[in-house]
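Same chain, two partners: chain A is paired with chain B first, then with chain C.
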Partner chain A sequence: MKALCNRDGLLAALGMVSGVVPARSPKPILQNVKLVADAEEGSTLMATDLEVGIRFRVLGIKVDQPGSVILPTVRINQILRTSNDDELAIETEGDQLIVRGLRSEFILNLEDPDLFPEVADFGAQAYHSVNAADLRKLIRRTIFATDIESTRYALGGVLVELTDETITMVGTDGRRLARAIAPAEAENGAMSPTGSPVIPVKALKLIERNLDDGELKVHLAFQSGNSVLVRTERSVIYSKLVEGRFPRYQDVFPSGMDVKIPMEAGTLLQQVEAASIFTSEESRGVDFNFSAGTLTLKSQADVGKSRVELPIAYDGKDVEITFDPRYLSDALKTLDPMAHVTAELIDRKNAAVFRTDDQYTYVVMPLTRDR
Partner chain B sequence: MPWGSIRGHDKIVELLRTGMTRGRFPHALLFVGPEGVGKRTFARRLAQCLLCERNPEQDLNPCGICPACLQVGAGAHPDLVEVRRPDEKHELPIAVIRDLNHDLSLKPSKGVRKVAIVDDADDLNDEAANAFLKTLEEPPPGSVLILIGTSAEVQLDTIVSRCRVVRFDPLNEVELASVLIEHGIASTPEEARRLAKLGDGSVGRARGLADTTLNAFRRDLIDELASPQSFDPSSLARKLETFSKEAGKESIDQRNRASLLIGELARFFRAVLWQTAGLEAPSPDPADNRAARLLAERLEPEDVMILADRCLQADYQVGRKANLGLIIDSLCHDLGALILADSAHR
Partner chain C sequence: MGIIRQLSASVINQIAAGEVVERPSSVVKELLENAIDAGATRVDVSVERGGKDLVRVADDGKGMSVDDLPLAFTPHATSKLAEADDLFRIATLGFRGEALAAIAEISRTRCQSRSANSPTGAEITIEGGVAGEVKDCGCPQGTVIEVRNLFFNTPVRRTYLKSDSTEAGHVIEVFTRIALAHPTVHLTFRSGGKTVYDLPGVTGTKERVAAFFGREVADSLLWVESEIEEIHLWGYVAHPAQSRSTSKAQYLFVGGRYVRDRSLGHALTEAFRGLLMVGRQPVAFIHLEIPPDQVDVNVHPTKVEVRFRDAQRIYSQLLATVRQTFLQSDLHSRLQSPAVPEVVPTSPASAGGPAPQFQLSVPEIPDRQAVASWFQPSKPFQTYPNPGYAGGPSLIEPKVPEWAKSLPPVPTPRPADDFDEFASVSVSPPVTPEPSPSSPFRLPSRAIQVHDSYLVAETNEGMVVIDQHALHERILFEELRQRLQTGGVESQRLLVPEPVDLTPAEANEIVEHKEVLAKLGLEVEPFGGGTVLVTSLPAMLKSVTPEGLVRDLADHFRSKPIPPTPDLILQDVLAMIACKAAIKAGQRLSPDEITALLDRRHLVNDAHHCPHGRPTALVFSKAELEKQFGRI
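Then we have the complex of A and B:
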């Protein structure tokens, strides 16, 4: 192989794929990335830890002789960072790999590129497509509610449901549940995936980093209930799915909510954070007292107490309920500060539901408190 | 690779096959038996059976040539997870088990199941064992977990109760001798027979004893103990310790060598015991028998029993990671006290 690479382009690509490279692994080959230089198809940089894999299109590579090479992630990153050339030549010569700048030359051992595990490519003809910005929003609004430490494997990821018109993502850790819905389209007669596919958190973070806010479409395809492939503008991401059965989340949404209180996300977040200043590991709760015209937040810890008020458009009966403030702020942080949030309550023993105008639903279990 | 190349464990294959055809194949197996009888090789072969792409799993008969079988053989199958104690550690730490749990939490990439092999299960520390319980009790559907250790007794009860314990017997001498030749550990049939006798059914032990420097040291050690002149226990201890430390930088290598030698001492005292009863011990080494005869003339059978027992105790302590220097010191001191006192008495 012989190619002239734009340093910034390669560095950007390496930054994107190196997150997948495992820090330690029983299979040393995985600590490398693989560069495939091809003038016609475009050059690709790939990395995998066998759980998640990514193929990322590298820009600014002029290919003299097509081919592929294994690049040691850490070293190549150092070479790219310390160099001040605009372009670096990468070529193989005998059993050596040579990276050459204007006034520098690095010689590395050449490894057989075929030893690198195959990183799956997006081959599906039938798939679902979603706006990049929407998918990104869905991931952000659900990923924080998962529990990767749980022995219930399915809670370590986000459930994805696809129909001809919508994509629904659900994350839960058993104490709270976030569901976000966005429009989707089935292309070429794509069927809804079988079973309940759960994408692990690690892969979701990677996907999110590869999405930008444009109107561009992202393609999703599930393979035989075992893995998912996501194609964005410049990358293809592969991930194994999580084992286990996702809880029947539909049963979690309470019914018979008679108290509905409209609020603004940014203001509520600010007051929740103010009220949570005096909370500790032992007394995590913040008491929410909804009364006509005012929401009063109170918290108490050994070191002091706080009381914050917030005017609300509400004139029904008083409701008192205690929440872990982190659970609320986790969700509120993902919303636009000006967004409308409606809190729906029954009483202080039942789950509370927060809804936005754009099909985001967040269910939180209240804390019990000795009074 | 058919089962044929794994010797001496046909009964276990039959047992597992019966379980499989009746649909009662256990999801967690604990392989126990002496070091070096082929448990690891057996576990890999079993993994091939379970992951083979050609032959149905009910047959427990891997084809050995499909990509899955080859990948398992090379340790590269994506659905086979193998973990073991890190080389520089004495314990199998919790981080390894947590990673394993995580690996098992994802769907298999090729087939319908994952197979996990946990080697050095004897060295699971309590935290790691406890972190494993939940997964061991209820692994993802289809998964099979294989733990490899020497004895079920060193495991937590909670681990044992979650596994089907499979006992591996020591190999018999004929089988062991042919394995030794196959692996190139012994070059001649005579050498193989000698090592097979010494190996106590364990390929690992025979391999250790095939070391010529170790063999020479063993000879000196036994002759010194048996020599009519009295020996100095503390210089003997020093020699033994220095020689153990020469095995390598890692304490695990040093312990292995010490354990081999102490085991040989125990075997020697057993031979002495035979001699006190007027019998020739079935030892492959005539020099051993000569030395045993010399000692038998000087010692009471009761004391020989104690000596052999003391060696076994020291070997156990080596396994339990007590301070090596102390073990050797106190062993040599006790041996000296008994042998020299008895000799003086006569």
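Then we have the complex of A and C:
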């Protein structure tokens, strides 16, 4: 193989894929990335830890002789960072890999590129397509609510439900649940995936980094219930799904909510954060007191107390409820500060629901305390 | 001819003897008790071959007259009891009138005795229950009983005797019990011609403890005492640094009689909860004075078991008294350097290594303020959460027996050593700003972390090595406990109740303790069979799965010998929570964190031990340092 690479382009690509590279692994070859140089199809940088894999299209590579090489992630990263050349030549010579700049040369041992595990490519003809911006929003609004530690349920990821018209993503850790819905299209007669596919957090983070806010479409294809492939503009991301059962989340949406309070996300977030200054690990609750015209937030810890007020458009009965403020701010942070949020409550013992106008629903269980 | 026949008196006696006399030590016990009951001030015990060949007990008690002698060795003959009602007011150690007869039945026994007002003594010899003539003899006032060839006519029993040294061990144990219970009596013990113990009459148990268990144990004893409605409890418990692997070093005396009692043993263990490591047993010497009508000693032929009329009350009293003592005491372990100074490298780090010459012990110098506060008026009991103890105890005018009154050597606190040479030499403080040295011990002014696990801090009286995990755990534990007392614990409800599968028995335990668990923020519902539903979790528990928590709790409940009280469950769960939340050994702390941790040290009652009973800190006093470096 012989190719001339644009340094910035390769560095950017390496930055994108190296998140997948495991820090330590029983298979040492996984600690490398694989570069496939091909003038016609475009050059690709790949990395995988066997659970999650990524193929990322590298820009700015002039291929002299096509071929593929294994690049040690850490060293190549250092070479690219320390070099001040615009372009670096990468070529193989005998059993050596040579990276050459204008005034520098690095010689590495060559490894057999065929030993690198195959990173699945997007081969599906039938798939669902979603706006990149929408998918990004969905991931950001659900990923924080997951629970990687859970052993009983598959909570270490986000549940994805696809229909011909919508994509629904649900994340929960058993204490709060976030559900976001966006439009989707089934291409070439794609079927809804069977079972309840849960994409692991690590893959979601990778996908999110590969998305931008454009109108470009992202393609999703689920393979036989145990893996998912996502194709974005420049990358294909493969991930195994989280094994296990996702709880029947539909059951947690309470019914009979008679208290509905409209609020503005940004203001609420600000006041929640102010109120949570005086909380601690052992005393983390913030009391929310909804009364006619005013929401009062109170918290108390060993070091002090806080009390903040917020005018609200509400004139119903008083409702008092205690939340872990972090649960609220987690969700509010993902919203547009001007967005309208409606809090729906029953009483201090039952779940509270927060809804936005763009089909985002967030259910939080309250804290209770013997008083 | 029928198959049932009346046994001869001799056989009956032999059978009865089996109950009372199990081994030579039983003979020693009976004879010693008789001697004590006879008001002896000096008793000499000697045994040969562990008592198999000879047990000889000589006392200077009131003695017996010529007429008494033959009668003393017939069954159910006694001077200590006249009618059945007397059983309710037994003030002597013996009373059944069985022992001497039983012993005489299975040995060759010779008895010499002279009472004070008789000019000559009398002597009787009994071989296997057959009494010889009563003869006159010359002897000092008192009684001498020699028991030879025990079990010579019951070969079966003889074959079950253990080796001489084992039997001698049993005899010594019996001797120990009586010597501890009656410190005013001069006791000697000879075995195989050698004097093993010569214990002059003393005024306190402490000296006796020193003789039997060593000076170290004796010096670590803490006085405990309380009197509630006629039940007077007093004695010593050893510092938690002194522990044993069995409960054998727990001596409980009721009315001067050694007894074993499971529930009181348990009370003791409970009182030491959190101060001893798992599997270790406390050392204690506790006397109980109970009105005779409150306790039945006539339960067992050898009277090692007794029945209390109100066992629960005594349980609570013992528990509360010992706990109270601990709360008032400074229980810091001391890092004691070995006796010979030149052998030693005394870097604190080597204490962590395999250096057995370091041992935890309490100091010989009673210069700690806490020791001096032994007899300060008690804090009110309410400060300690012990629901089992409803009635307010009165600690006014406890009736200590006469000899015990002069007893506890109340140490006068020595003025704090003002030697300041090191202060100027010592390395400049690496981390913390100087906190106000208001309390001499609690606030170390500078600290460094070693091996990411221990904090070495300077104190006004030396230095202290702190186990960071153990200390943090204890602090969290106390904070949680306080929080629990002042207000509720936050409970995070679950969106979907989480089922946890247990065995039916475990599930029952969990459901039974539902209310207590709910107080902690853990709400469970029975779900049929062995399944329970967890509907909410304590909010402060971050990384604990409901399943793990419930399982641990179920295990915990099931491993308890007696049903745990709500208080204890709370304490256990708190300990569990604290352990999981505390910083671990091997975790690097920033200077700020170290300061914060040490600053919170004084906030807790029991800073010296983590909830599992490991010590949190080793103290290395300045005097010891100076000694090691040859400065003094």
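Here, the second predicted complex is superposed on the first by the 370 of 371 C-alpha atoms of A that agree within 3 Å, B and C clash if a C-alpha of one lies under 4 Å from a C-alpha of the other, contacts with A are read in each partner's own complex, and residues count from 1 in each chain.
What we mean here is this: a contact is a pair of C-beta atoms (placed from the backbone, for glycine too) under 8 Å apart; a residue touches a chain by one contact, two chains touch by 3 or more.
Quick caveat, the model's predicted, so the values are computed rather than measured.
A.B. asks: With everything superposed onto chain A, say whether chain B and chain C fit together or clash.
C.D. replies: After superposition on chain A, chain B vs chain C: fit, no clash.
A.B. asks: Of the two partners chain B and chain C, which one touches more residues belonging to chain A?
C.D. replies: After superposing on chain A, more of chain A is contacted by C.
A.B. asks: Does the superposition put A:369 against chain B (first), chain C (second), both, or neither?
C.D. replies: Once the two structures are laid over each other on A, A:369 reaches chain C alone.
A.B. asks: Of the partners chain B and chain C, which touch A:335 in the superposed model: first, second, both, neither?
C.D. replies: neither
A.B. asks: Can A:240 be said to touch chain B (first), chain C (second), both, or neither?
C.D. replies: So A:240 only meets chain B here.
A.B. asks: For the combined three-chain view, what is the angle at the C-alpha centre of chain A formed with the C-alpha centres of chain B and chain C, to the nearest 10°?
C.D. replies: Result: 50 degrees, to the nearest ten.
A.B. asks: Tell me which partner A:200 touches in the superposition: chain B (first), chain C (second), both or neither.
C.D. replies: first
A.B. asks: Quick one: is A:151 in contact with chain B, with chain C, with both, or with neither? Answer first, second, both or neither.
C.D. replies: A:151 sits against chain B and chain C alike.
A.B. asks: May I ask you to decide whether A:226 touches chain B, chain C, both, or neither, giving the answer as first, second, both or neither?
C.D. replies: first
A.B. asks: With both complexes superposed on chain A, which partner does A:174 reach: first (chain B), second (chain C), both or neither?
C.D. replies: In the superposition, A:174 contacts chain C only.
A.B. asks: Using the superposition on chain A described above, determine whether A:27 touches chain B (first), chain C (second), both, or neither.
C.D. replies: After superposing on A, A:27 lies in contact with chain B but is clear of chain C.
A.B. asks: Between chain B and chain C, what is the shortest CA distance in the superposition, whole Å?
C.D. replies: In this superposition, no C-alpha atom of chain B lies closer than 8 Å to one of chain C.
A.B. asks: Shared contact residues on chain A for chain B and chain C?
C.D. replies: On chain A, the residues that contact chain B in one structure and chain C in the other are 151.
A.B. asks: What residues of chain B sit close enough to touch chain A in their complex?
C.D. replies: Residues of chain B touching chain A: 76, 78, 82, 101, 103-109, 134-135, 140-141.
A.B. asks: Which chain A residues qualify as touching chain C in the complex?
C.D. replies: 149-152, 172, 174-177, 247-248, 251-252, 281-285, 322, 324, 349, 351, 363, 365-371
A.B. asks: Per the contact definition, I'd like the list of chain C residues that touch chain A in the complex.
C.D. replies: Touch residues, chain C against chain A: 479-480, 483, 487-496, 498, 519, 521, 536, 539-540, 542-543, 545, 547, 581.
A.B. asks: Quick check on the complex: what are the chain A residues that touch chain B?
C.D. replies: Residue positions touching the partner: 26-27, 50-51, 117, 151, 153, 156, 200, 225-227, 240-244.
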